[in-house]
Amino acid sequence: MATNTAAGGINALKLWPWLIVPFIAIVLPFVFDSGHTINLLSHMGVAIIFALSYNMLLGNTGLLSFGHAVYFGLGAFVAMHLLRAINDAGGTGLPIELLPLAGAAAGLGFGVIFGSFSVRRAGVVFAMITLGLGELVHSSSLMFTDFFGGEAGLFGYRDEAPSLLGVDYAPSRNVYFLVVAWTLIAAILIYLLRKTPLGWMANAVRDNPERAQFVGYNPTIVRYIQFVLSACFAGLAGGLFVITNEIVNDEVVGQLQSGAVLLGTFIGGIGYFIGPVVGASLVTFLESSLSAHTEAWVLYFGLLFISIVMFAPMGLVGIVHTQYLNWKAGGWKGNTGIRLYILVSGLVGIFGLICVIELSYHYFRSWDPGAPFILMGISTNATHLLPWLVSFAITIIGFGLMLLHGNPLLKRHISANSDGGKA
Amino acid sequence: MLETIAYSIFNGVLYGTLLFMMSSGLTLIFGMMGVLNFAHASFYMLGAYFAYTLGLTTGFWLALILAPIAVGAMGALVERYGLRRVHQYGHVPELLFTFGLAYVIEELVALFWGTVPVPYKAPAVMNTTAFTMFDLDYSWFKVFILLVAVVMFVGLWLLLMKTRAGQVIQAALSRPDMVGALGHNVPLVFTLVFAFGCALAGLGGVVGGIQFVTDPGMAFMMGPIVFVVVVLGGLGSVPGALVASLIIGILQTFFLSINFSLAETIGTLNIEDSGFFGVLWHMEATRIAPVLPFLLLVLTLIFRPRGIFGKREA
Amino acid sequence: MLHNKKTGRFAGIMIGLSMAFSSATYAQEDPIRISYIDPLSGPFALAGDGGLKSFHFAAQKLNEDGGILGRDIEIVPMDSKQSASEAVQLVQRSADEGINFVTQGNGSNVAAAIIEAIERNNRRNKDNKMLYLNYAAVDPALTNELCSFYHFRFDAASDIKLEALTNYMKDQEDISKIFLVNMDYSHGHFISERMAELVDERLPHAEIVGDVLHPVGKVRDFSPYVSRIQQSGADTVVSGNWGIDLALLVRAIDSAGLDVNVYTYYGGAGGVPAGIGPRGEGILRQVTEWHADVNVDEGLEDYEKWFQEFKKQYPQFDWYYHRIYNQMYMLKAAIEEVGNTDDVDAIALALEGMKFESPTGTVTMRAKDHQILQPMYISVMDTNAKYDAENSGVGFRTVASIPVEQATVETSCNMARP
Amino acid sequence: MTIRNALELKGVKKNFGRAEIIRGLNLEVREHERHVIIGPNGAGKSTMFNLISGRLKVSEGSIKLFGNNIHNLPAHKVNRLGLSRSFQVTNLFQNMTVIENLRCSLLWSEGHKYAFWKSVLGQDSVTERAYELATRLNLTEQLSTQVSLLTYAQQRSLEIGCTVASGAKVILLDEPTAGMSRTEANDVVQLIQRMTGENTLVVVEHDLNVVFELADRISVLVYGEIIATGTPEEIRNNEAVQEAYLGTEVH
């Protein structure tokens, strides 16, 4: 009995994110009531499902795909054709709430077909096949205009379809709640899939395909089923995308879409269930907001991605998690100050780097580099030496302190402590 | 038809040699380090831009030599301070690193040189007509491209076959795990090979930037094709890269030069130009040509993952 | 106003994160804002950048003259990344910020999506209607099947350009064999189909000897296409290509020493002159509503000053989009006639059928489909032109001017009006 | 003789290019016996294991497992027919814990296949057997330790456990005591005896103490051929063996 209670306690502990996150998700649109923000939130939902499905491949099975948008996009097209048929039938047929299922079915179908020859090998061969397939499907999207609607794409109307719950889906907020519901369903299913024999063996095949063979599993079939399920969820995300956007065109199957999901998933952290959730939300948000504030957003994006790959391959969630474990294990004891110092000096360095980049963009891209412009609240002139000197100085001092002073300090402190502990 | 074939072969070879300049570097890097360098085409782009900028002061001929060296130096820096760090995490992060690097290089190029194509041109003397074939003029520059490619292939071959460094690289290509056993400084060898591969791509850029257009989009467009060449030729095989470059060059040129579709050749058979098979039936060869490399890529990987000349699978 | 944009841009990334959520409510006496939704990053950034600078400049000039109803005009740049779905989101954002006017030009697919998004917004959100001013998307469908009461096109549609072009070609007896090279999407498909009809109808002395479609932005080596042109014996090439795809095509034609004339839509913009340089001289022709040397040919002193001022301010670019001039002044006239910016329906009605005295002649916004009708020019690349295009050392010289009557096509538009 | 053969190799050959590594190998392993393969370095012992377990393809000849041909079958099919193996180098799921490794090894033999509709942790029989195995392996203390953090000897015993867990009747162990101290090796031998019980066991081993302690019968592999098979006693007294192998190693 005692163990049972303990287990129950653990379950309750593990359950709280599943309650808190949806609660926040439902409250959010009442806090930010602009249509654009709600749309952005809906897009995050779609991106989250897509990224979670992607991580079923990359994180769980170790399959790096450069063409996952194929399943997202084909799911979206099939769902869109269905929506248009519903529109044409005067708003009768499948209820709009179930439309994503059509996308999921399409994703599943194409996953079955394309997966059959993609997953025979993992690693680089798989990556290259998905790259080639992605290009092929994207190219054919402009050739087969009957199905793909050419480069103009296809339109449909979500409010001209029957609703299961009698909701009017014209306002973005109602759509948002539908997205939250589907995101939650998909997230729970994907989470549960990780707990099944297939989910376990996917991890096993990722780590050691040979060993998996010697316990009876065919790695190709494990990859294949995992791939098909992943494609199915990608299609579901695509179907949901149709409802939020009401337009589908060739870009949903394109390379940029495939790249974005890879970026988001990796930035969040492929080793964690919530990694893709965090990453997809962040990337969707940055993509729509950063570009409104700076020309250099693609560069920032690239730099963020590279830094994650180089310094934190477990992603943002990984950073937080390791620090948390470290803190819990008492690793912060006596050196919290040093850690804070490293963090602050790192932020100073980043601040300086942003100044340098913004100065460069003004200097090289502006029609009049000499025109005064506002940098971090201060009016400066990019043709003068001073702002450059200051920015470079801040960058160098920030990163210099972090790398040459803070880090060694922390290392010394830790090793001194552990030596002391042993002695 | 003879005209078309002769033309396809000649122009295909020309295009193929350009592909070879880029892919030979990539195949060396992959064969040795196992890194499928997504940013390889970015180094090709840097070659073109460096040559353009250097050429403004030093003239084309000096830039032809200096630009690849500069690109090689960049490559060395990237390997030393970027890839080597990521190497410990495995091949997927390496791939992702170069994937991100490609974005960053493109942005930086657009920042420094602008989004407009730069007026990078061959010296006037090379724009004169060298010969005329079937009423089409060929400039000295095209002859020059062929020449550079031949020199490069011979140079590479000599380097790999006749020098000690080449022996080490060859050994590494067939058994990457054994290089350490040869008693060589493996990280240094890696850096040098990466730099050398990048320099080769840079050389491709110096020439390709003139033949095509030097703009920040050039890497994005060339990138996937280079992969196709490397995979088709067999990862790590330089002769394979040459053959694959030529095959793709000639095949693509041929598809573009002929007027062919199933409907025109066999007859429409009352098949309408709609629906999946209908569209395919009426599809003209010219519209398929650009997709052809990717079709080859997928088919190669399915049926012969080791490529034409490769000894081991990817 | 430029200053304002910079303030917004450099407010700092950290602050930026929180800013995106604060969908600020604006006071009424603020500037009249126009969202500029075009690619400002990525491979198409160049085109978006040029358009943005032209709009900034036009707004600046208007503001110097007192703006509209005494209010300044502010161009709000929004990066569409050349993506239709991104553009749909940006329309939504504009609506949230209370912006009534949207302008866009790059890509008819994006244009179609914006029309849909605005129709949808105006139906669902009656207090905050919007107007779409299209300065460069040329798909005829936008003023035919897809025509909308809230969409106005200030550029000549593709069918009008072909009309003007063939009206010119029919008097050129030396044109006998025409080869079509176009991009493999609806824009190119339209030209290939419509051109075939027009040649049949109108050019008894000419025939089409070849018609190829190639994928957008993927071809690096155009020499195979050139070989086909050569084998067909064509003397004239017609191409709707733009950007790199056109630059590479013309370069390949030049380096093969082929003696053909290339008639294009976009020979003077989007990096083409810079990409081709003097090699396009005598080969490259374009059909446009304007080019720099029209100033000289027609003695437009005031407009030449406008052109020069722009060049001085943005040395990398040229004043290429004459339609932006038309668009801004016609919008000004319409708003001033109505007296406010909120009654979008009334402004649309004011724009309908409006006649405007443009430097190049009278232009009319056709009421039936909201397509502008204007005189057109055929010009050829020429090193002797007074003004270079994109600092390439070559400019354009007028070959023929096409009066409005010869640059008009009937429309099938049957739009729903409020 | 009512005892049937668990494993039967007939005229097996294997070439790598021109080099013939296995040159007409014949071997019979009886059911329930512990059969040890010995031989000098480079004799082809590991290659033989790789051929049997489906890791390599046979150039010529046949391999039978309980009368079924298994040569050139993929490894997972060989496993499902009742054969499992360990490796010279530790070969586990490095990112998983001890108990997770055991669970993974049990899933197929417990008939769960590729199921994605049931929870692994909900399968009581798997859990039960995994804990039982862990107890027999003396790894109860390390249940939730990631295997990469185990000691070498612990990793080796876990590997034996995983091999047994997969439910195979025939188990191949490739140098289970390689790189271990004498006491560790003794522990492993006991562990093997304890764990494998009724199973048929084929072991490649260098340590002759281990060999003679473990083996019911011994085969000697020299240059790709079996030159002798017999009880430990017979092998000890076999002249050919002494000449070819024992004589050169045990001075």
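Which chain is which? They are A, B, C and D, in the order written, and residues in each are numbered from 1.
Criterion: a contact is a pair of C-beta atoms (placed from the backbone, for glycine too) under 8 Å apart; a residue touches a chain by one contact, two chains touch by 3 or more.
This structure is a prediction, so every number in the text was calculated from the model and none was measured.
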Task: Chains in simultaneous contact with chain C and chain D - done: A
Task: Chain labels contacting chain B and also chain D - done: A
Task: Chain whose Cα centroid lies at the greatest distance from that of chain B - done: D
Open item on the list: I'd like to verify one number: the distance from the centre of chain A to the centre of chain C, where each centre is the average of its C-alpha atoms, in whole angstrom.
Closed with: 36
Task: Distance between chain centroids, defined by C-alpha means - chain A, chain D (Å) - done: 44
- [ ] Find the geometric centre of each of chain A and chain B from their Cα atoms only, then give the gap between the two centres in Å, rounded to an integer.
- [x] 31
TODO: Could you tell me which residues belong to chain B and also touch two or more other chains?
DONE: 114, 287, 290-291
Task: Multi-chain contact residues (two or more partners), chain A - done: 139, 143, 298
Open item on the list: Among all residues of chain C, which ones touch two or more of the remaining chains?
Closed with: 184, 215, 316
Task: Chain contact graph, described as a line, ring, star, complete graph or other shape - done: other
- [ ] For this structure, give each pair of chains that are touching.
- [x] A-B, A-C, A-D, B-C
Task: Complex contacts: residues of chain A adjacent to chain C - done: 32, 34-37, 39-40, 43, 139, 142-143, 145, 150-153, 155, 157, 159, 170-172, 245-249, 251-252, 256, 285, 288-295, 297-298, 300, 354, 358, 362, 367-368, 371, 373-377
Task: Of all residues in chain D, those that touch chain A in their complex - done: 53-55, 74-77, 79-80, 84-85, 91-96, 100, 103-105, 107-109, 112-121, 162-163, 165-167
Task: Complex contact set, residues of chain A against chain D - done: 192-193, 195-201, 203-204, 207-208, 210-219, 221-222, 225, 229
Task: Touching residues on chain C, where the partner in the complex is chain B - done: 43, 45-46, 49, 184, 210, 212-215, 217-221, 223-228, 230-231, 244, 247-248, 251, 255-258, 271, 274-275, 277, 316, 390, 392
Task: Residues of chain C defined as touching chain A within the complex - done: 2-3, 6-13, 16-17, 19-21, 23, 40-42, 53, 78-79, 81, 83-86, 88-89, 92-93, 95-97, 107-109, 112-113, 116-117, 120, 124-125, 139, 141, 184-186, 215-216, 313-317
